[in-house]
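In what comes next, chain A is part of two complexes: it sits with chain B in the first one and with chain C in the second one.
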Partner chain A sequence: MFQHSALRYTALILLAVGAFAQAVTAGYFGLEVLTEILLLAMLVLALDMVAGFGGMVSLCHGALMGVGAYAYAILTTKAGLAPPVALGGSIAVTGAAAWVIGAIGARAHGIYFIMATLAFGQMAYSYVFEAPFFGGDDGMGGIPRIDLSLIGLDLNDSRSFALFCLALLGAAYGAAVLILRSGLGRSLTGVMHNEQRMRALGLTVWRVKADVFGLSGMIAGLAGALAAQHVMYISPGLLAWTVSGEALVVVILGGLGTLVGPMIGAAAFVILKHEVSNVTSHWHLVVGVLLIAVVMSRANGLFGWIEARWGARLERRLSDMTRKSDAEEITTDA
Partner chain B sequence: MSLDPGFWALQTLNALQLSMLLFLLSIGLTVIFGLMHFVNLAHGSLYALGAYVAAAAATVGGYWTGFFLAPVAVAGMGILLYGGLIKRMRKSGPMAQVLVTFGLIFALLDLTRIVWGDIALAIEVPSLLAGRVSLFGIDYPVYRLFIIALGLAIFAALAMVLKRTQIGAMIRAGVDNDAMAACLGINVERLFFIVFCVGCALAGLAGAVAAPLLSVTPDMGLQILIPTLIVIVIGGLGSLQGAIAGSLIFGFVQTFGAVLAPQLASVLIYALLAAVLVIRPMGLFPAKG
Partner chain C sequence: MLETRNLDKRFGAVHVTRNVSLKLERGERRVILGPNGAGKTTLFNLLVGELTPSSGSVLLAGEDVTALPVAKRARRGLSRSYQKNTLFDGLTVEENLGLAAAIHTGAGTRLWGDSLASPEVREIVAEVAEQVRLMPYLHAKVSEVSYGVRRQLEVGVALATRPLVLLMDEPTSGVGPEMAKGFHELLNDLPRDLTLLIIEHDMDLAFDVADTITVLNYGEVVFDGLPEEARGSKLLKEIYLGSWEDA
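Right after this comes the complex of A and B.
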């Protein structure tokens, strides 16, 4: 089950404060980078939910994000729905698609599950790529952003849009924590540790997997709908399997199964990408070598490494402090 | 659509040619997986490396230099990878292996870009195999027939080695139960090393063979990776029959899908893969029952 430690709270607060400060102070380019980080963070949050807590390593989350983006684009430009309704609709569509994928893939394990999700993701990619209705390989443009002028926000301004994404990322994080702490989330972790025992306990394993996969898909769909609004243009490239692969890389570099780690990973990944791209065009070589080094080091990513190294010491100090204050309370009570 | 027999003959040959190219790639990957449960996503990058070596050697010493040099060079690369990375990753789970080889894809992609640049290279078909030949009432390029023949020859040779020789029996034993094979005195680790090198050499050969047909670009390894993975998952991991059956299914579905139902062609193969995974999660001909 997912638990907050002092270290995780600290990291979360630092992330939130950093993102907020950046959103308030940064110029146009900084805001674009920030929004990119926030959307990637939302996607890897969704992926970590299933991969880190259910052992379902998915190579279709990029495609799910693409489904969300396309659903939003179709619902606003072709069906003529109001953007907030379209946002809800795209989340629902993506969640349903993810639920079906999760239900079909529930029987497969390990490399077979990876391949099954890859197959569904690529299916969506090649369908969108060919279909004239979805704009084919030209993509679709003219996607409107949500109108929040009622509460005095103009989302066509990058600063407001970045703050809007930050708020929704916070909401998505809260939802992910609630899901993982619920009975459903605990069952999922039980399934990851010992599927047969959970089945013997009377659990319908495939339902648990499909439900969490669907919920994770809804978060990915939200990220996709926001990405469509961010760039106001979408292309089939959003659904390609390399996007999912990159998301998986971010989860691993950040720390699988920590929720906080992948979000740190997203920030590090995007910033590093922009910094390295300034110096050399061989960004992929850097990522590749970094990925190999992290996996070979057997640490659970950046955040997992920090947790293993300083987490225990910090926890002890903090619990000492609380124990001391408990003791003081007892003496004062007495 | 045409009912002309020439059309069917042409598409059948095209499908066979694609199948054989995929077979050369998938056989190495599938036996590596079957023998040591190692998922090497970088197999496609080795294929791209083979194509580049062939293209570079062809400009110096002609096509056949490249044809023979590419497998050797890629096998050499395989030895380096084995010593540097793969040996240490043997005991890790599939997840770590997928990630390390995913990192390798990125690294090799940029390394080929650094060495050979971004511009697509092209090499000529050798004069011996140039031109067309009349077959079943159609004119067909000799070079494509050569690929079909090469694929079939390699399939026959591998089937022969696996069925009839001692090392083949050892490989089959290792795929079936590696711990028991090791108890019987087979050096499974060395066996795997040999299989890995042969698999790499075949990937390099596939790259050299494909180079004159497709242009040689840095991302050709990424493009072929997904079809190769589909082939081995449909066929079942670890078996020769699986690799050839999967390659043929992929080649024919892809080729005939593209001419008969162009709208559905690209989705068709993924739908087939999903169907196979649902009905037979271990593929059609898994090495272990």
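Right after this comes the complex of A and C.
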């Protein structure tokens, strides 16, 4: 069951403070890297919801992000909708698409579910690649960012946009926590542990899977709409299966089923990519070696390793501190 | 409360369930006996919908549920425990009971609010934990408790859906004599209006708990009557009870 531990709260606070400090102090390149991390973090958060808490390892979350990006682009540039409305619309469209994929794929398990999601993702990619309406392989440009000048924010400024993405990542994290702590989220975890029993107890399993997959898709859609605004241009490459594969690597690297872990994984992945690519163009090799090391260590990703090493120690220290403060209070009262 | 009419199941050439007709009244406690391979578990699977019958029908509270899937039958009040523990191993005993109770109350599909913290669910969890003697283990993970406690939880999870009919597949399977004795008391303490259908090999438990006994042999009902009649049945001695009487 999803729960926050002292270590998870600490990691969250450190991540938020670190990202905020970077957003406030970094130059243009640093802000671009930060925004890239925040968008990837949002995508892997969505993926961890279904893979880590529902056992639905999806290889179409990159495509869902692409659906969100294209929906936003079309709603703003072709339908002429105001960007905030288009943002809501793109989230809704992606959520609906994800719900359908979840409902159809709910009956498949393990490798078959992975293959089914891969097929859905590739269908979307191929269609967008060939459809002139979506700009074909040229993609679509001229995508506007949301206008927040009413509250004194110019999102065309990289710093403001990074802060905007950080705020929305915080909101997405809050939504993911609420979902996983809700009855629906708890039931999804039950399904991951024992689908047969949940069904025998009266749960309509496919519906729970589809609902959470749809909600996860909404977060992926938000990430897509922001990605479209970030670069102001989108291409079919956004829907390619490699984006989904990369997201899955990041989730495993960070710590499946922890929510915080994949966000740490996103930061580590993007920083590693930029730092190593300064030295060699074969940065994938380094990430590959790191992934193998993480998997072979039997720890649940980077955050799983941290939790195993310091989680219990931190909990003990906190409980000692609580006991000490209680004892001091009793002494004072006496 | 629960009825089968001419229930039949074939797997290719193998005829596993033959024309089984049973009728359980509300609050009745019936034990199903039979040698290995008699089709007892298959009958349970047909009753709950995990298997589709080749012919015949299943009625719950007078309504034909033969075409309904497992989950819908469960929501109408048909719950089962398994011969082999089918629990949520990575979760605590409390969470196991809570998941089942949340499905019953509807909290398990709500998007707002923690189902396990809902007062209605907590009330059911506390009541069921009391009924199946699990109060001391509520916060322990399933993987950390003994086999006997897991058997109790197996029944507890099924009970937490507040069923009209509870099907138990060998609840004392694999437990020692002391624990089995505890199970007798546990089953006898369950609410009298709950209809029980139990597959059991433990003869003491069968005769202690049962209002009626049904014996299956080669998928066919060969005896249906009171426990005292079962004890005196010559046919039963031949196909099943001989070893028990000799023991």
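Going forward, the second predicted complex is superposed on the first by the 322 of 334 C-alpha atoms of A that agree within 3 Å, B and C clash if a C-alpha of one lies under 4 Å from a C-alpha of the other, contacts with A are read in each partner's own complex, and residues count from 1 in each chain.
Heads up, the rule we're going with is that contacts are C-beta pairs under 8 Å (C-beta built on N, C-alpha and C of every residue); 3 or more make two chains touch, one makes a residue touch a chain.
Keep in mind that what you see is a predicted model, and the values were worked out from it rather than measured.
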Counting only touches as set out at the top, which of chain B and chain C does A:184 meet: first, second, both, neither?
second
Which of chain B and chain C A:289 touches, first, second, both or neither:
first
Would you mind checking which one, chain B or chain C, touches more residues on chain A?
B
Examine A:207 and indicate which partner it touches, taking first as chain B and second as chain C; both and neither are also allowed.
second
Considering only the touch criterion stated at the top, classify A:193 as touching first (chain B), second (chain C), both, or neither.
second
Overlapping contact positions on chain A, where the chain C interface meets the chain B interface:
none
Tell me, which parts of chain A touch chain C in their complex?
1, 178-179, 181-184, 186-187, 189-190, 193-194, 196-205, 207-208, 211
Under the touch definition given earlier, write down the residues of chain B that touch chain A in their complex.
39, 85, 88-89, 92, 94-96, 98-100, 102-111, 113-114, 222, 226, 229-230, 233, 237, 263, 266-267, 270-271, 273-274, 277-278, 281-282
Using the touch rule from the top, collect the residues of chain A that touch chain B in their complex.
57, 104-105, 107-108, 110-112, 114-116, 118-120, 122-123, 126-127, 129-130, 241-242, 245, 248-249, 252, 282-285, 287-292, 295-296
Where on chain C is chain A touching in the complex?
48, 50, 70-72, 74-75, 79-80, 86-91, 95, 98-100, 102-104, 107-116, 118, 157-158, 161
